[in-house]
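Structure incoming, see below.
Chain nomenclature is as follows: A, B, C and D, assigned in order of appearance, with residue numbering initiated at 1 for each chain independently.
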Amino acid sequence: MLAEFTIFPIGEGVSLSKYVSRSLEIIDKSGLPYRINPMGTVVEGEWDEVMELIKKCHLAILEDTERVSTAIKIDDRKGVKNALDRKIKSVEEKVGRELSK
Amino acid sequence: MLAEFTIFPIGEGVSLSKYVSRSLEIIDKSGLPYRINPMGTVVEGEWDEVMELIKKCHLAILEDTERVSTAIKIDDRKGVKNALDRKIKSVEEKVGRELSK
Amino acid sequence: MLAEFTIFPIGEGVSLSKYVSRSLEIIDKSGLPYRINPMGTVVEGEWDEVMELIKKCHLAILEDTERVSTAIKIDDRKGVKNALDRKIKSVEEKVGRELSK
Amino acid sequence: MLAEFTIFPIGEGVSLSKYVSRSLEIIDKSGLPYRINPMGTVVEGEWDEVMELIKKCHLAILEDTERVSTAIKIDDRKGVKNALDRKIKSVEEKVGRELSK
């Protein structure tokens, strides 16, 4: 399955890149394939490994903050592998050209 | 923590209440406090029990469908209990009257 | 259509009820049917009136804050009126009893 | 502001790339800077131009389908330009290396 998630603390100032980079260290070390975008990170994996990763990031942000907002969007399609690249390729084929990524 | 979630199959027709009610049977039996609204269900609990419940609902819908879309929004604030009722009360106190629920 | 939305400032402390109640004053005055829940507000209306309302709330929060996070989830089904109550009734009928709201 | 959005029909089968590519044609022609990812599209612009674009895509999908689900996540930070690239750069600087995009 694919899961996009966004995690940030509430009440720790307006600059969040310190917290986002802490999450990304954890994601990068997890070994799961992922893609970052300006609004979140998309990972691909089975339910348990994906959710374990998101929990780890969520708890790492909560460690020294008081309130954390986390949003997760899951697209789970049976029998589909490598959806991380396939979804974009499939759309670019239909549009007939490369799109801005 | 509070978690609102919405789970539905893609490609099984436009009427989803059959699937939503299957989720709600599972939620109702879980024992976790919850509130349904027209766009999802909000539950309150610890990370593991909330995520175990959402996984159960997600897999129940995926059982006889091919693709499932699940969205989860988490608000995790340290030391806050009974947020399910407290958040609404706190806003109604500030607004100075009861609001439509 | 139905639209659930959540609007809050980032970097203004952990307590958000002051900002949420400012939004709810605007929503309540709009005349559009709505329901609040612990994680957001669901309104029913046509695209333009719903989006005009959300814009008003978003700008009201942005007025004296530096960064605002807004999430909107839309369910637009042709020919359906009074979805705010109908969706819950339809699920309760299938489950066979009243659910926690 | 930045807005990530995802639009898809409910009840039109499990393959959605036909609909996603229709949206992307509209986005690409809009002239607004955007980035696609496996779970949605992020655009940058002022509230009115961004919302006009999302409305156009939403209505294009609704044209020959019966039910459409649209999710929008907005990050609006005063005085920030070119957030589409800046947010990722800022995180990569903190992490100290390039990340998977």
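Everything below uses one rule, namely that a residue touches a chain if its C-beta (ideal position, glycine included) is under 8 Å from a C-beta of that chain, and two chains touch if they have at least 3 such contacts.
Since the structure is predicted, the reported quantities are computational estimates derived from the model, not experimental observations.
When the interfaces B-D and A-D are ranked by how many C-beta pairs touch across them, A-D comes first.
Note: centroid distance chain C to chain D, computed from Cα atoms, is 21 Å. Distance between chain centres (mean CA atoms), chain A to chain D: 15 Å. With centres defined as mean CA coordinates, chain D is found 25 Å away from chain B. Contacts with at least two other chains are made by residues 14, 66-67, 69, 71, 73, 75, 77 of chain C. In terms of which chains touch, the assembly is arranged so that all chains touch all other chains. In the complex of the two chains, the chain C residues touching chain B come out as 2, 4, 6, 14, 17-18, 20-21, 24-25, 28, 33-40, 42, 71, 73, 75, 77, 83-85, 87-88, 90-91, 94-95, 99-101.
Chain D meets chain C in the complex at residues 47, 51, 55, 58-59, 62, 66-78. Per the touch definition, chain A reaches chain C in the complex via residues 8, 10-16, 66-67, 69, 71.
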